[in-house]
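Chain lettering (A, B and C) follows the sequence in which the chains are written, and residue indices restart at 1 in each chain.
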Amino acid sequence: MPPAISVHELAKRYRTTHRSDRAALLGLTLDVPPGEIYGFLGPNGAGKTTTIKLLLGLIRPTGGGGAVLGHALGSVDARRRVGFLPESPYFYEYLRGEELLHYYGSLFGLAERVRRGRVEELLRLVGLWDERRLAVRKYSRGMLQRLGLAQALVNDPDLVILDEPAGGLDPIGRREMRDILLQLRERGKTVFLSSHILAEVETVCDRVAILNRGELVAVGRIGDLLAGGREMELTIHGANGSLSRHIEAIPGATIHHGTDATVVVVPEQRFVYPIIDLVRQTGGQIVALHAKRERLEDVFVKLVGGRGGTAGAAAAPAQADRV
Amino acid sequence: MIAQRFARYRTVLTALVLLACVAGAQALVDVYRPAANDEAGVQFSAAAEVVRGFAGQIRGLLADFIWLRVDEYAHRRRVVDGDINRGDDEALMPLVRLITWLDPHYVSAYALGGQWLAFHFGKPREAVLFYDEGIRNNPAAGDLLTGVAFVDWRLLHDNKAAASRVEQAASVTNDDQVRFQAFWLEAHILLDGGDRAGALRVWRRVGTMPGYSQTAQHFIDQIAHGKAVPAAPAAGSGTLHP
Amino acid sequence: MPASVLVVARQVMREAWRRRTLPVLALFGCGIIIATAFLSFFQLGTEIKFFKDVAMTVIFLFGAVATLVLVSTQLSGEIESRTIYNVLSKPIRRYELVLGKFFGALAAIAVAVAPMVAILMFFMSVDQGGSLLEAVKAGYMLWLSFAVLSAVALAIASFSSSVVCAALSVLVYVASYLKGAVIAYAGMVTYSRLAAGAAQTFYYLLPNFENFNVRTAVVHNAVVPWAYLFRTTLYAAALSAFFLYLGTQIFEEREF
């Protein structure tokens, strides 16, 4: 099956003044496989929303190109099969929730009979059925977000593009959103999810791409991206000075003395056994020992290097693998 | 290559073609424009064009509002209240002028303006010019013809011209009562100028109008016997001025 | 016509109704016309003329305001309120959106203007104040002028904010009425053929809203020829097409 989204060297520069411009996206190359939930991550200003706008034809690329569901970027044919939830969705305030979905549905050319069934199904799915006759201006932020998701699904799209879908949602809302995304995947849909909430992304996404300063710094399956961590963490009671000296001799190891316990992190498993021996000899006690697995957040912070994000920007993007 | 170049200029070309269509349509519209706006043959000065331009679609209403003021002054204060010493008579003509610029079919404004120019400001020749403009813009306005006839007769003492104007006034209406009034005035002007034969001719014509034969005969008898002629109407009366 | 144009047009009509601006303007206009009909302090003869003048002016003013309020908040309003993202991510072409806004505005304005024309006709018939057909023609001509004004406003809205759009549209409208004066002055102050030619070109190319003004004919009981109606319709169509084309071209190039 062809990729749901495929872009090659996609670039966008914005003209800031008469003579200068600013690069928002620098030659992004990306393939989003069909039927997956694809996380699209990056700090503010990394170029995530720019990429989404390019995919939908809201802006035009200044370089490169690509296809969405086999159609040209931003083409009507592509948009016919795409659902889009913008960041902080804004709707016609004078419409009722139900009418809004009907309006968007009719823009897809759905017959009224089809629309009626679809609108009811979606309003029930996002939990707005009881508020369907309420004017949109009376909706809370979370309700708007739910309505936004409903309108993104009104055409039963093959590809759903979500820009910060969890914004404004409470924990229950987030959980429901996650369930909906998983349901979509089960039905073979592709979800392209741009988010700041890395824990969410880590839970639902099959793959992620991390963007920083307009460049791709990492892309791959979640498992692969996190697999790099082989560190071990030991928590020790009654450690003495000889342990500190021992740890200092191990390259890449750290030791942290707390009030109750000492926490030692070693880069590999082979360093653990000598430490256990040493603690035993000195009368100390190992109270915990576990593999220190990286979280997506760690990978993210490591790659974008804090706000400035210089780390990955210069490096070649990693393919599963921090390309 | 040619196709590519054409595509680049397609937008400009299309816009130009559409503009040409606009100009063409304007030319088509211009053929009927004066008739549609009932302003055929009306000549506006540049100043009038500016006033009309600024007033745009609301010029008719503006003319009405100005007329309300003029009418109030000319009639209630001046005629009914007898307040003739207000000292702002001069303000009347510019207002009347504005009205006729805004609406060249405002016959009442021409009638009032002509009357005031002639009888209040003592400018009969200007009054005739003003009346003539009004008649040009409203050829069927018998009021204006009668009004200018009074100026010709009473102030310029040109009875012949006055009689001709009234004759014209009689010809632009089908209303026998109005025609009778015009003929009555014409006969009187002719008689005043010593043209008894002319006056008799007019009354004979009146006699052919259904319902007016007795009246006509009465005046014919009076003229034939050299009896007293009807009193001359006061200046300005006999018109349908506001 | 593509179905999405109709969908957007219907949406514009619904918005016009829901936002209350158009119904309130129409109601207010009808109220003024009815009130004028009952003012009888004017002298005989002037009364019906005055009534017709007031009614025509009210229809024009309220119609123009309704047009500007409605159209200037369409494209620019969508951009300012960011609802444009949702719309343009759907399978609709940008020119379809502009056309939908245009036709929706025309329908909404027709609905707003129709009751005012009907009231004018009613009182004209009561007072035997002239041909009702001519009143319908005058209403139609005013509506044509609002159509052109809508196209002008949409063209301006394709690159500006709602406030700028409304202001510029008013300027174009006023300039259109003043151009007769400009040309008249150009004719007076210059003896150069080039300048006169330029003034003439100016006349033919700029919108000429005066074409749609048949107020005098209605007030003075003249007959507006059918041929004039037809030609003015052509003119309105050509002018609207030109401005809509400009608007769509600019809107196509815009980035959101």
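Operating definition for what follows: a residue touches a chain if its C-beta (ideal position, glycine included) is under 8 Å from a C-beta of that chain, and two chains touch if they have at least 3 such contacts.
The model shown is predicted, which means the values in this text are computed figures rather than measured ones.
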Chain centroid nearest the full-protein CA centroid: C
Of A-C and B-C, whichever chain pair has more C-beta contact pairs: B-C
Where subunit A and subunit B are represented by their mean Cα positions, the distance between them in whole Å: 82
Centroid distance [mean C-alpha coordinates] between subunit C and subunit A, Å: 50
Subunit B and subunit C, separation of their C-alpha mean positions in angstrom: 33
Subunit A residues counted as touching two or more neighbouring chains: none
Residue ranges of subunit C in contact with subunit A within the complex: 3-4, 7-8, 11, 14-15, 18-19, 81-83, 85-93, 255-256
Touch list for subunit A against partner subunit C, complex: 53, 56-60, 76-77, 79-80, 82, 84, 86, 88-92, 94-95, 99, 103-104, 106-109, 151, 155
Complex contact set, residues of subunit C against subunit B: 42-43, 46, 49-50, 53-54, 56-57, 60-61, 173-174, 177-181, 184-185, 187-188, 203-205, 208-211, 213-217, 219-220, 222, 224-225, 227-228, 231-232, 234-235, 237-239, 241-242, 245-246, 249
Of all residues in subunit B, those that touch subunit C in their complex: 11, 14-15, 18-19, 21-29, 31-33, 35-39, 44-46, 49-50, 52-54, 56-61, 63-64, 67-68, 71, 103, 105, 108, 242
